[in-house]
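You will see chain A twice below: alongside chain B first, and alongside chain C after that.
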Partner chain A sequence: MSVVITDLSGVTKAELAGRLDTSNVNRVESSFLAGIVPKGQHTVVDLSQVTFIASLGIRMLLSAARVLSRQGARLVMYGASPGIMEIIETTALSDIIPVLPSEAAAIAAVSG
Partner chain B sequence: MPSTAASGADGFLRNLPVDLASIEEARQGLAAYLLPFQLGERVMNRIEVVLEELVSNVVRHASAVDELSIAAECLDDGVHLTIADNGTAFDPLGAAAPTPFSTLEEAELGGLGILLVKRLTRSLDYERIGGVNRIRAVVATQ
Partner chain C sequence: MGEVEETQIVTRARLMDLIPGDRLHCLELAIGDDIERRHVVSPLGLKIGRTAPADIVIADSEISRSHCMVTLKDGELYVTDLNSTNGTFVDGVRVTGAAPLPVGSVLQVGKRSLKHEWRTRAEFEQSEGEERDLQRAASYVRALLPAPRHEGPIRADWVYKPSAKLGGDAFGYGQLCEHRYICYLIDVAGHGAGAAMHAVAIANQLRQKSLPNTDMARPELVLSTLNELFQMDDHDGLYFTIWYGVYDARTRRLDYASGGHHAAYLVPPERESAIPMRTRNVVIGAMPAMNFTQASLTVPAGAACYLFSDGVFEIVDRDGQQWAIEDFVAQILQPPAAGSSEPQRLFDAVSEAAGSSRFEDDFSLVVFNFD
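Presenting the complex of A and B:
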């Protein structure tokens, strides 16, 4: 499980890779939040290399989006595989955090 | 307690230590047991999420527990999972479902695991028998 945070001209990009299961979320949640929250910028989260997600992963994304929202910044996700998307939709996370098909669409969504 | 394993015609069974590493050990063992059934990615993902949530619940929340067992069998109506522990009596299915939300501020951070389990299973029940909490979940394979 890895987290890579980069800056795309004022938009934070967080690339997650691996399994967002209980053990891995415990391991990466603090670096994920520390990498994006202090910037207070609109954020796009790349899920294309995420192979599994369960409730703690959903909670991590929800927490990040909520904290950014309180700072006036938006968080959107993109690149979810069908299996990841089913879990995101089952928890209704996708009702409040948009999931876009591509990085370009995600950046357009937060920049618009 | 050291882990012990059994599988074959009678299904899959693991007795595992009550710690986070057991979730991954159970997942890999169950995946190996289910491999010949060729269930497909979507069904396997649902099974893995249900297993993850139920075992994670025991490992993170159960009290006075030192025995955890995971059993599975692939039958006509789906994959039957049984998670048992000898902790204090606790029915995780009895908790109120998270309130539906339409904004980030309304969304509850807790209760998402059991919500997932309920929505991804065909049937789900809890019983307390002989000092053991037992949850049985059936994930449809069709």
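Presenting the complex of A and C:
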């Protein structure tokens, strides 16, 4: 499980890779939140290398979205595989954090 | 049960007294990064196997009844395979004869791993205390669960197996008025006593069959009220999923709503298909002022309803494949097993597929049978 944070000229990009299961979330949650929250800017999360999301993974994403929203910034996700999309649909997470098909669409969504 | 647990504690305390010095050789059975159980190796040694009288009993079909023996000699640990079917490994190397098991090495038996740690007594006693706290919290949750019902127009039976880390599952059912019955299952995100106590707080609200200004016979309203009452910012970042249903025995109509929860399944008596019952609603506590929807269907005579937490199907099977809910639904449609309750049959089937009866998450499954 890894998290890589980069800056795309004013938009934070967080790339997650691996299984977002309970033990991995415990490991990456602080670097994920510390990497995006202090910047306080619109954020896109790349899920294309994520193979599984447990409930704590959903919580990590929700926490980030809520904190950013208080700072007036949006968080969106993209690149979810069909298996990940099924988990996101079950929790209706996309009602709170939009899921876009590509990085370009995600950046357009937060910048628009 | 209580007596057995006490006996084990007494035995362990005596073994510890046999060990000189401030540090203890421990074998730690782990699930992922979490320690499930910690065993002290005394000068008497420890036998590992699938069944009693082994000292460390691990329910794993790839482990032999008497699998291997760990001994302590001159302050060092050694492991000897006891002619097990699948072998004993230290850091990936198969053991022949008495092999050293250095501090920090990992002993592998079947699909499970035990790490050799050299702990101070203080560390060991602290972890024992935390383990007892989790056991107490699990007992408390269990005490809130309703008794199975073997009579009446709706019978209910269940299996609840909390994980070693204790998840946040709870469920309940009962009569709302003369002809209406409610049932629900909640699953708080996260593990440990905190998640369990949050589940208890929610379950206690629902057990009262009353929420402020809410018609408890309307699932969408129940979810909406719970969402306002249990916002995650006010509850230590905890959110939960729920499935809530109301059955009217006069009309045979089942109204239901799920908040971030996967489907419950209705299985008609011919058992040829399982009908998913789910409405698309966000998890409870994620965001205030969300709209919730409900749906309904008519329950055929002789049908069964399966309500469960995700710990029931989010397993990795023996071939390393991540299960999806469809894999569990396929098990639901298998024929009932003689001499075993329906929830127990399914628990056994999932344990068999996973190669273990210890899961990462709570296993909660309730089966209702309708007249």
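What we mean here is this: the second predicted complex is superposed on the first by the 112 of 112 C-alpha atoms of A that agree within 3 Å, B and C clash if a C-alpha of one lies under 4 Å from a C-alpha of the other, contacts with A are read in each partner's own complex, and residues count from 1 in each chain.
Convention: contacts are C-beta pairs under 8 Å (C-beta built on N, C-alpha and C of every residue); 3 or more make two chains touch, one makes a residue touch a chain.
As the structure is a computational prediction, the values presented were derived from the model and not from experiment.
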Superposed partners chain B and chain C on chain A - clash or fit: clash
Which superposed partner A:R27 touches (first chain B, second chain C, both, neither): second
First, second, both or neither for A:D7, with chain B first and chain C second: neither
Touched partner set for A:P82, first chain B, second chain C, both or neither: first
Contacts of A:T90 with chain B and chain C, given as first, second, both or neither: both
Shared chain A contacts, counted only where both chain B and chain C touch the same residue: 21-23, 26, 52, 54-56, 58-59, 62-63, 66, 83, 86, 90-93, 95-96
In the complex, chain A residues that touch chain B: 21-23, 26, 52, 54-56, 58-59, 62-63, 65-66, 69, 82-83, 86-87, 90-93, 95-97
Chain A-facing residues of chain B, complex: 20-21, 23-24, 41-42, 45-46, 48-49, 52-53, 56, 59-60, 100-105, 107, 109, 112-113, 115-116, 119-120
Residue numbers on chain A that touch chain C, as the complex places them: 21-23, 26-27, 51-52, 54-56, 58-59, 62-63, 66, 83, 86, 89-93, 95-96
Residues of chain C defined as touching chain A within the complex: 32-34, 165, 187, 189-191, 232-233, 237-239, 241, 260-262, 278, 280-283, 286-287, 290, 310, 314, 322, 324, 360-361
